[in-house]
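What follows is a set of structures to go through.
Presented sequentially are two complexes of chain A, the first with chain B as partner and the second with chain C.
Coming up: the complex of A and B.
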């Protein structure tokens, strides 16, 4: 059997990276099988038993990483090697360095005079200091770092405001600036809608819906989740509105946030009159009267916000896909009288929030790790009860683990667990595509979906799995391929975050038998 | 604490007491071995692998926990020189130091087994086994269910899985037979077996070693055999894994594992459901170690529990 190997001397990858490299290597064109492992004696022994131990591999030591490739029939093994090398480069062990690195922000700014934005993703203890240096060098700042004291945030935003610069963050994970998505973002069409958002997945959802409705994005300015708190006072959202008001490519502005502090909401809404452009406001649970009085367009959902934005910018007849009521009926018909509960397992906090609110607004009781009502708060280790909606990106779930948009293993285990509960009618999930997200979120989840459905089927129940894929046809992997894989597995697809909540609510309302 | 003139000074939260003593006696210069998001492993001047961990990790042997969330953004690189003294661990090329004075000293707790009845051991094993079966990450020592929807393992993974299964069965048989030489021989079949930085076979041995090393265990022969294997074969696995295993033989392991053992026996008198409820959170924490490492270590602990139960029952 032909075999090709790459050996990396004294290379140490964490186990999640190793698994990822292995998965990707096995998916490369021309690869029959690929093995990735440390070159210990026992692992080399396994290769020897398989007839795959080359003299080069035999020489490798305990601290060396070996990637062994058996080419597919007819494939050229040598052609695969550069791709394997590329995988390793992309997942280079920490400390391996990037192609260009600068020791200071000032040096980077000096080396590239055209640069006008710095992304700060250092430890929170140092983030403010680095952001200050960036602002002092005339750079706008996107601060991915979290755990930055609120006093620092206030001071940085005041400094940026005084210099006429943007201070996005701390804890800002999504932005699209001049058609370039930064950190977690989606590949969307350029267009006339500008977004200012204090919510990461909320802004991703609005941008993706606008794209799906035929519209496009001029800028997406993140503010960081704390910006609309009473302490920070919405400085960045107000500066963002003003920046978009002055941007000739922006024809309408959309504001996205979880519920702001009341006094800050008032200040932000007061900016609408001076914007000189239509402003759509989607504050989850916000007041329609306050927005309308301020001269804005109220949006009750992320989909409403996207629809309003595209209708205001040249697509007046844009329509959201209709709800498939016949499908709701068919789901209802397959449930037993005991199946009355929905379980929501989400990667995106705002997506979880929006679906949860759909049930809460229908008068249902919902338990969740992000519930505002302390009586209905669930911990990460608590078993689900009644309707349970979990945000796996919340700190309690991510402690010691990557975000579920990158590492979905926590959610997979919970999916199988929920399937054992005979009271569960449907499990609702989101899949987030785009830059920074898992390379195949659907593929990695399908075995658990199959297992969950089998558990229910063996117990004589139908288990409805409902999925929303947040992404576009321009993302990699693309929306169509990910959706098709779910459909092939018998999963019901919803067309937006808003529709996901509505579907769950419809099952509950119709599904509970008298 | 005296002020340092470094550009970046990171306070430390806690430190292995054994490391404090060694730093006092053997200062010098080491070098960075490997860098991960939450840990930097450093080869100390006395040849020991020392871990500088982020604050969200738990205490562990030869580890200092620093008040930082991660390391990968700091520019630390493998091979960088590292200064060791009683006052600080310093990354001189980055003008950064982890300051040690004021750190809480950590000692590995011991879990005495002598007072625990056979019935209680069996109950604990049942509770832990149930949680592991339901929540463990498969793919290492805990193998995939032969079910629909599971991806077909490739030849290498299948070979590893077979080696882990046969090695584990042979080791358990040797323990039941009380055959020290066979225990050592079968442990050697597992040492270094598995794809990760801490191979699954090592993780399993680590759990078994940690249990057998607790005071009052009847698995003294296991500890002795594993101690000999580890001492004689540092070249059979990665340095990180070997260090972890050697510490486990000395009943020292990450605090989350010791806490789990402690919880197991603190609530041993409760019924199975109650015990499982108490164990769920610490088991979840332990399962979060690595990809399958937590599961593999707990599988070793569980094997120790079951073997201890069997051996006591046969007295």
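Coming up: the complex of A and C.
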């Protein structure tokens, strides 16, 4: 066996570094076996065992570095030695102070005493445990996770209540705390309106409308969709009202929810009297009398809620944009007599709800995957019929996929499908901008819109496409750019979630009349 | 942090689960850090249930008190090197036909290659067998008592094989009065504890028994006790982690022993042999720090309600831990793992024996892999940068109870060693203790072939939490 050995006198290297260099040296081309080590008795013993200890190496001393190479067949050991010497001089880059990461909430909270809120977005099976750890460490909680048992929610909210902490969720997707939007939220002006909301897109809509009307948001506290159920009892909404009542930056409070359990509604409304500031109540389909009796300001729609809030906080003459009745007339004129149906394809649950109720309240029959009336419930696999309003964010549609605000593919396919139906007068859609949402929700949908319009045109029909863009001039991408792209594609733009429902209803009513 | 305080503070978010939220929050100017989160207990329902049981406030309070006591005992223990002596003379329960070994209990038949190599070598060394072949017969005959070092107040490096006439460190914990013992370093790669057993190995053991051991014993009688905790603290300040790097510790120990060694009645030639032997490998003090740790951790064992780990040890087949609140020799085990790291030339990963030895007692105390930040010179062992070494020490902080005020790490602003591993925290975080260790060849008769890092199997901790939940809840 040919052995090439180089001895570097008085060259000290740490033994572990040398073992690492040996390992690398063994990976070099042309190396059969390489050994780089200090010439200690122990290392010379290893060479002896391997049959590589030349007399020259045996003479080397503790402070000498040995480079020993057995070349691969046909290779030249002399050519390899310089590469090994190169390994000896190579240094790992000097430290740039790699960020320390933590595995547990407790460790992170301990390391940073300033930490004050935890976002929990883990599998529902583990979410309650993490939330409990957060509360135990004095952190407020926003729980994005869903599929958390209601008993856990009740226990967590009781724990948070006892500690004076926020327990937002489970299934809470939107909050704005200290002017920072969390998870799904929009960039809105700081201001005097505080919101407590059990519905995510509903609260996004109210905050964005307040911003558009010139107002601003102090805090937006999410409660999770189940908070106003009889089991949970509105614990978070009541704590939220009290927190905003005590907050000097909040001048008026807006409550947003789907219809609460009656006894819970009573409890929540009873808080209004003690709040010491105006409270606007938007419970979809709620009773005006109950709210007024309790001393609150009733809002029949999300737009009403936003208008009331800004009028109560320094903008008394705020007005909603006027409805373009001429445009409704021109659309109606272009439809054939059999084009009588509206199809609503929504990302936002509350936005879908509000538009659907605009038709329902006008006496229309509406099929939907979020219908309360079981006779009119439509599954994800069912074809549309009559007026159909679909919430693509519902579990049945997402089915393990990301929310349509992030992944719109389900909705795009459905849009093209609806265009083929000659009974369809208009397709109504929402586009949600802001933090957490798709980076270009309009752009990703435009090809499907163009295709849908072409299908209708080829069949000799006008297909009205109506879009509401939920967002602000401060969002990225901004409201103006997204709206302009839709207008350029021939899409009708509505100015609020409420106006969207009204527009749909107006088309239908005119259509039926004709 | 109550709600009203929250509204008056800068928002500072701990983000758990979805990294995508972090960017948006940071873009709005708030402080946010995303956890490196994994389901607790590996997502196993029974483990999570056990963890939850122990979170009952009444039980948690008892555990907290017991763990504080255990941590105090570890830190307050003052291990002193008080002498050297033959195992038969000093080790409790030792007999002429007893072979102590590393790790949890194991029978001859199930022993790994390196441990079998060490056992047969020891039987020849003790004159209990004529040669290695005969030794294998003797080992299988039932006439030899095999027992874990840990069950005799001992620890043993690598195979840990300890026989009657081998010389042991005698370490006394001055605070709590208990003793700990361990063998002497054999210095080289081809040595008994690594599974080697040829004549050169036996000859060295004979010399250690006849010259090195007696000289050290006499020197201690002349020089008096040595404060090992203080010396360990100094060694860590000098860049050792005292498991795989012992350069400073060996120099300090030798500095303390040298004057007394000179005064012994041995010949100058013998003294030179001993000095040369000590100088031949930095590892000389390695076993000393193991006994130091053992003396402290035994004092913390058997505290009711404590979830602190007091032993981590491997026999080459199984990794076993003991927990303070599960008293006596209650071993919780899982399979021994591979050791990943650089290897001597000529050897490949498939030549490696599995993790072996009682040396993980050093990590159980809080040095070794836990003190990697103190020993930037060995970062090659963990694959690269000083930052990675520091990250290991930080990570160990997440699974331990406190910091050892007596032994500190200068580069971390004199932060103390991460001390008192809590079974609950290991399972909560999914962070397993990191262990720096040597690699023995998988076959008997060869010896050390590399060094690297490894971790215990999660099973051992899972079994421990289930046993604790049953006992305490």
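In the analysis below, the second predicted complex is superposed on the first by the 412 of 514 C-alpha atoms of A that agree within 3 Å, B and C clash if a C-alpha of one lies under 4 Å from a C-alpha of the other, contacts with A are read in each partner's own complex, and residues count from 1 in each chain.
We adopt the following convention: a contact is a pair of C-beta atoms (placed from the backbone, for glycine too) under 8 Å apart; a residue touches a chain by one contact, two chains touch by 3 or more.
Every value quoted in this text rests on a predicted model; they were computed, and no experiment measured them.
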Inset, instruction - Would you check which partner chain A:12 touches, where first means chain B only, second means chain C only, and both and neither mean what they say? - result: first
Inset, instruction - May I ask you to decide whether A:317 touches chain B, chain C, both, or neither, giving the answer as first, second, both or neither? - result: neither
Inset, instruction - For A:126, select first, second, both or neither according to whether it touches chain B, chain C, the two together, or no partner. - result: both
Legend entry - First, second, both or neither for A:181, with chain B first and chain C second: second
Inset, instruction - Mind working out whether A:26 is in touch with chain B, chain C, both or neither, as first, second, both or neither? - result: both
Inset, instruction - Mind working out whether A:42 is in touch with chain B, chain C, both or neither, as first, second, both or neither? - result: both
Legend entry - chain B or chain C, by number of chain A residues touched: C
Inset, instruction - Figure out whether A:117 sits in contact with chain B (first) or chain C (second), or with both, or with neither. - result: second
Legend entry - Common interface residues of chain A - those touching chain B in one complex and chain C in the other: 14-16, 19, 22, 26, 33-36, 40-42, 45-46, 49-50, 62, 68, 93, 95-97, 101, 103, 121-123, 125-126
Inset, instruction - Would you mind writing out the residues of chain A in touch with chain B in their complex? - result: 10, 12-16, 18-19, 22, 26, 33-38, 40-43, 45-47, 49-50, 52, 62-63, 68, 70, 93-97, 101, 103, 121-126, 147, 380-381, 399-401, 409, 413, 417, 446-447, 450-451, 454
Legend entry - Touching residues on chain A, where the partner in the complex is chain C: 14-17, 19-23, 25-26, 33-36, 40-42, 45-46, 49-50, 62, 68, 92-93, 95-98, 100-105, 107-109, 112, 114-123, 125-126, 129-130, 134, 138-140, 144-145, 163-166, 177-183, 187, 219, 239, 243, 246-247, 249, 435-436
Legend entry - Interfacial residue positions of chain B with respect to chain A in the complex: 8, 10, 32-38, 41, 56-57, 67-78, 80, 134-135, 137, 147-151, 154-157, 159-160, 163, 189-199, 201, 235-240, 280-281, 284-285, 288, 290-293
Inset, instruction - Could you pull out which chain C residues touch chain A in their complex? - result: 1-7, 9-18, 20-21, 24-25, 28-31, 33-40, 43, 48, 52, 187-190, 244-245, 279-282, 341-346, 377-381, 384-388, 391, 394-395, 397-398, 425, 428-431, 447, 450-451
